[in-house]
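Both of the next two complexes hold subunit A, though its partner changes from subunit B to subunit C.
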Partner chain A sequence: MKVYRLRIAVQAISFIILIYGGLFYIDMGNRMPTFSCAYVDDRGGGCFLIGFQHMLSRPFGEFLGDAGIRLLKAMGIFALWSIVLNKAWCGWICPFGFLQDMLSKIRSFFDVDLSRFGWITRTRYKSVKYIFLVLLILIPLGIANSFFGLEKIPRDWSVPFCQICPARVILPVFNGDFSQIHIDFSSNTTMVLTTIVMVLVALFFTTAFVKRRFFCSYCPMLALLSLFDKIGLLSLKKNGQRCTRCGNCSRACPMEIREIEEEKVLTNLVTQDCTLCLRCVEVCPEDKALETRFCGIPIFTASQQGFLKRQGLDEESHTNKNGA
Partner chain B sequence: MIKTVISCFMALFCLFPALATAKAAQPATFMWLEPMSWDAIRAQRAKKKAAITKVTGGQQEAPNPAESYSTSQDKGKKRAARGARPRSYYLHSGEFPQPDRQQSGRPARMNGQYNHRAKPKKSQTQAILWVKYPDNRSLSFAPKQRGPVSLFSFPAGDGGWYDLFAYHDQGVNNDSRIHRYSYTHFMSHGDSVDKHETNGIEGPGFFKGQPILEIKRLCADDHECYRTHAGQNLRVQVSFKGEPLANQTLTLITEQGWKQSKRTDDHGKVSFLLIKELFPEKIDRRKSENYLLTTEHVLPATGVLNGQPFHHEHHIATLPLQVFPPKSDWQSKRMAYMVGSGTFLLAGGAIAIRRKRQRKAL
Partner chain C sequence: MDKQEKRKRLAKKIQLNLAMTVGEIFDPIDEDTTRPKKMAYFDRIFKTFTQGGEGAVNRKKTQKLIGTYCLFVPEEIIYAAGGQPVRLCAGAYESVEVGEEFLPDSACPMVKSEVGFTTLPVLSFYQQCDLVAIPASCDWKAKMAEIIHDYVPVVMLDMPKVKEGEASRAFWLSEVKRFTKEVEKVTGMRVTRSRLRGAIQMIQKAQVQFRRFHEIRKAEPPVIHGRDALEVLNAYFYDHVESWTAAMATLNDELEERVNNRESVAKPMATRLLITGSPMVFPNWKIPTVIEELGGVMVADEFCTSNRYLHDKVAVDEGLLSDMLHAIADRYLLPSCCPIFSTTIDRRDRLLQLIKDYRAEGVIYHILKGCHPYDVETRIIEKLLQDNGVPMLKIETDYSPQDVEQLRTRIEAFMETLKGQRHKEKS
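And now, the complex of A and B:
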């Protein structure tokens, strides 16, 4: 079975569990490192970011008491989830990532060209997700505390990232809830934020249609997961001596990570943008050049035989063709 | 002309007894719970902070709010609540709507029926309050009574639904013994907790763990009860000693003084369409209006209480509601679809033009 197909199957099951799981009494908690939006009524689990922002919007003094313990507990659960599956949450489980992959499927069905970022563009916009992450921490803190004697941030800014997150609008629709599609005119702040989210929703559909996993490049959850990518139990290893730099991996990578092709020295290749979709391992034609390990045990290794099999070629004909 | 004058006289003649009765009727006294508004909480905090600064010159830190809980039981719960924000509620007693309540930009109705300078009478008996936590545990309170309004606070650190009950045995008045009940609930955000098995609350005002007279709100989901908006359908069930009360009259009273009465069906159920109140012109979706749903159940009962004989028992229950402005007043779906589709077309068009130019250049 192709890993790509297996991934789609796992994503589809995760999507059903995370969006409709509540109907089957599934509750995986509200600390999940994936965009399982808390605005979805029948969700089977909730995104960590909304609770995280709520917990941060408290006066500093309260963090010394019960609120601090709750925050630490929540971060501990999030860290545990993250360490176990690392960034495979993004590549294999995230419902929002699944939607983007489905849009890419539709694009390829209609034979529409794929867009790619240039090296400079990619480097320039790489830091946007970190800016989002810093803002989603600082703004809630500023709601309950005043920094440098400045005025406190108004309550309209509570859960700032969720207010501009397109998943908040799109995912409830799969639950039959269209209530998040609105512009809120109750204050200038909410009016601007809800307008921004509608713009982002439209951009999500247009950009995800022409570029694979466009939104993931700016996702603060990916930035937060990067804190644990080097200690995660699931890892991606590269043997630089076996790599022939054919470029298959970087071409197949939905996040267009070039380091996977160019890196010769580093062995752990779970980079900032990697979603551990394992597409690179799947398309690598060199024996043991790329390897996925769980707790140090290889679970999926690149091999010439496997590559040919997945391409629908047998080894003999390939050798003959090469020989010819 | 003569016919019109005669018919006017006839109409006045017929209406007169009804008008006279309405004037003679005493306004009903209720007991109801009301959450402390954010404005009041902020003002209270500022007042405390100012007092501390004045006394100590800002040297002393503000006391932990958990210390101010008026809990009478379960000291462990009090310890666990340190750092958790307390919830404060008022327990009102009197007529609804409150005549002295000053609402911004609106005429004060029912003037002349209430002398706000007169010192309110203190009741001889005290109301008892219960808070049922999301983990099914319950705490009882005996709030200090200061005239018609009492204030009480309790810790609410756990996430989930909290149920609040108030019961007051008002004693004997005009040959009737009066029992007053009030019930409300709210949801607190936070970590959900494991539930404990309980047999309900036992105490005065309760029968087999349930309030003797209860107006229970029926909700299809958490959203319906989390925040009530004007225009929604309010569905309730009335039960007396755990049994649904059929053909019972319920009256919904708004803060503006409008009333609507309905009777329950065979299952004790009834629904009201929440009418739109006079919200301020500048819509603030967090500003709410107070509505009160009331019912009175009278039973023949003979007895003597504190030397006063009575022949009837009046059970008066209330369900207070905070009704927020309707979503249609501050949300626009049409505008959202316009912005979304406009951006979609613009972005799609821009990508198509760019690709066309790139192809031409090649």
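And now, the complex of A and C:
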């Protein structure tokens, strides 16, 4: 089976498990490094970010006791999940990533060109996800503590990222739950935040339609996951000498990562924004230039022959025994 | 005698000389019984040069002929627009003197030969082109359009020299798109999504055979000579890609059989050489012929007319027209290790990989007099090879047959040192 087909299949199955798994009593815990949103009633596992933000909104003193242990345990489980599959959570499992891929499919079906970032924009954009990450840590802390003698942040800022997370509005819809589509007028803060989320939802559909994985480029989960880039059991390796810098990989990369093409020296190519979708390995035409490994064992390696096959030439192998 | 008449006579004379050269090349080849039988298909293409190249180019009469130079002109686009590409890079000593009327002495023999063939009717397909696409690769090529535009319709493709930049890539993509429009105008056929997809696949199928051929060349003992490898890729210049692919498939089948039977074209322990530098085009086979006569084997080359010609591949991603054009533009620019670009990074790595894969014992660096880009890179490559312990022989020559004996002496001495080294390593 071709890798991109396998990936769609895995994504679809993951989508079903994560969105409807509850109906079959599946529960994979609430510490998953993926947007398996906690607002989805029948979910089969929950997004780490909501619990993380809750656990952070405590007075500093409490972190020395039970609350601290609970936080460490949660982070430990999160780390374990992340180390085993690395960024494949994003490329292969995340329901929100899957939705974006489907929107891209629809776009290409309608023959609409994709748009790309300029190189400078692309680099600048990388920092946006860290801004979200820092805010989703600091705001909860600021709710329970006062920084530098300033006033504490009001309660209605709790779980701030979830309040503006477009997944909260979109994913429950697949459960038949439309209740998140509204603007909350209970306070000025909630009104502003829920308005922001509605704007982000609208942006999500429009941007994901014209640009591959637009949301992922500023997703704070990706920022957290990339802490484990270099120690994940699943890895993406490059052999610079075999690479011709043909650019096929970076052109096909949904995250528009240029390092994958440019790098000639470093061997570990799980970069900050990589989602380990492995599209780059599929379109690399050089023997062993790129390789995916699990625990150091090669599981998917680029090759000339494999490349030509994946380009749709496998049916034409009559005259040659070991050619196509 | 009027000028017209004079030129006609000159053309006749050159045609005769060319025919003699072709004969001299193929007479011993035809007698060689160890040669793969399926080479006959490719031989035929070059043997038609004796009749003014009539029949060398494989096309239907109604098809427009698009001449190309270097390896930057996207053939996928020409095929998708219903045209037939023919690569016009030339290697004939006979037409050099004609080109000299238009060019300074310091120009390389290749560009002289090309201008000669374009301005004087010796090989018919040079005059039959409905459009000739010239990339502004080296300085000679950059000026060529102006020199020959009275003889054939020309389109120039401007080339960025620093291919790493974002703007260079965007610029090259726009050149490829402009070229597409120019070809469409000539052929009267639009490049559509499905036609382009088809053309890309056609060339990818050729690449399947190309790859297979180069895998076979890695075999020890070698089952085909380097000169014949140059020949099959040189034949691709003139052939229709589908006919070429079919012929390659049968040749590969034969070669695989030879690998199984361990049928070698050389003596056991023959010296394995890799050749790089300025391209060699038929009938400029003097160096490969000398190597072969001395009992060595050219196991690999790094020429844009041969090993590099079909190596790089277009990767269709989403399959939209714009996506495919982008992929084509990238394929012709980014992986190219042509010395006109600012860095040698890609060429260095490619060479080292080839030396490793084909277990080459030494490298011959070929420079055509006047070919500045390859000349400039000599030092860097020499140092690279030195650092990696690979001996290198630099040969600077042109198309004239006069220095063959001198070359033979030098190559022989080089092969001797390689043999000496082999003994040293053993003991």
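Definition applied: the second predicted complex is superposed on the first by the 313 of 324 C-alpha atoms of A that agree within 3 Å, B and C clash if a C-alpha of one lies under 4 Å from a C-alpha of the other, contacts with A are read in each partner's own complex, and residues count from 1 in each chain.
Note that in this section a residue touches a chain if its C-beta (ideal position, glycine included) is under 8 Å from a C-beta of that chain, and two chains touch if they have at least 3 such contacts.
Just so we're clear, the structure is a prediction, and the values are computed from it rather than from any experiment.
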Once both complexes are superposed via subunit A, do subunit B and subunit C end up clashing or fitting?
fit
Check the residue A:Met198 against both partner chains and state whether it touches subunit B (first), subunit C (second), both, or neither.
first
In the overlaid three-chain picture, which partner chain does A:His54 touch, first (subunit B) or second (subunit C), both, or neither?
first
Scan A:Asp113 for contacts with subunit B and subunit C and give back first, second, both or neither.
both
Quick one: the Cα-centre angle at subunit A between subunit B and subunit C, nearest 10 degrees, please.
170
On the A-aligned overlay, A:Gly312 touches which partner chain: subunit B = first, subunit C = second, or both, or neither?
second
Check whether A:Val134 is in contact with subunit B, with subunit C, with both or with neither, and answer first, second, both or neither.
neither
Output check: A:Glu62 vs subunit B and subunit C. Expected answer is one of first, second, both, neither. What do you get?
first
Looking at A:Ile231 after the superposition, I want to know if it touches subunit B, subunit C, both of them or none. Which is it: first, second, both, neither?
neither
Per the contact definition in the header, classify A:Pro285: touching subunit B only (first), subunit C only (second), both, or neither.
second
What is the minimum C-alpha distance, in Å, between subunit B and subunit C after the two complexes are superposed on chain A?
9
Where on subunit A do the contacts from subunit B and from subunit C line up?
113
Subunit B contact footprint on subunit A (complex, rising order):
41, 54, 62, 64-70, 73-74, 113, 115, 178, 181-187, 194-195, 198-199, 201-203, 205-207, 210
Flag every residue of subunit B that touches subunit A in the complex, lowest number first.
64, 80-85, 157, 189-191, 221, 223, 283-285, 327, 330-333, 335-337, 339-344, 347-348, 351, 355
Subunit A contacts subunit C in the complex at 108, 111, 113-114, 118-119, 240-248, 251-252, 261-262, 264, 279, 283, 285, 304-305, 307-308, 311-313, 316, 319-324
Per the touch rule, the subunit C residues reaching subunit A in their complex are 164, 166, 169, 193, 201, 204-205, 207-209, 211-212, 246, 249-250, 252-253, 256, 312-313, 315-320, 322-323, 326-327, 330-331, 334-335, 337, 345-346, 349-350, 352-353
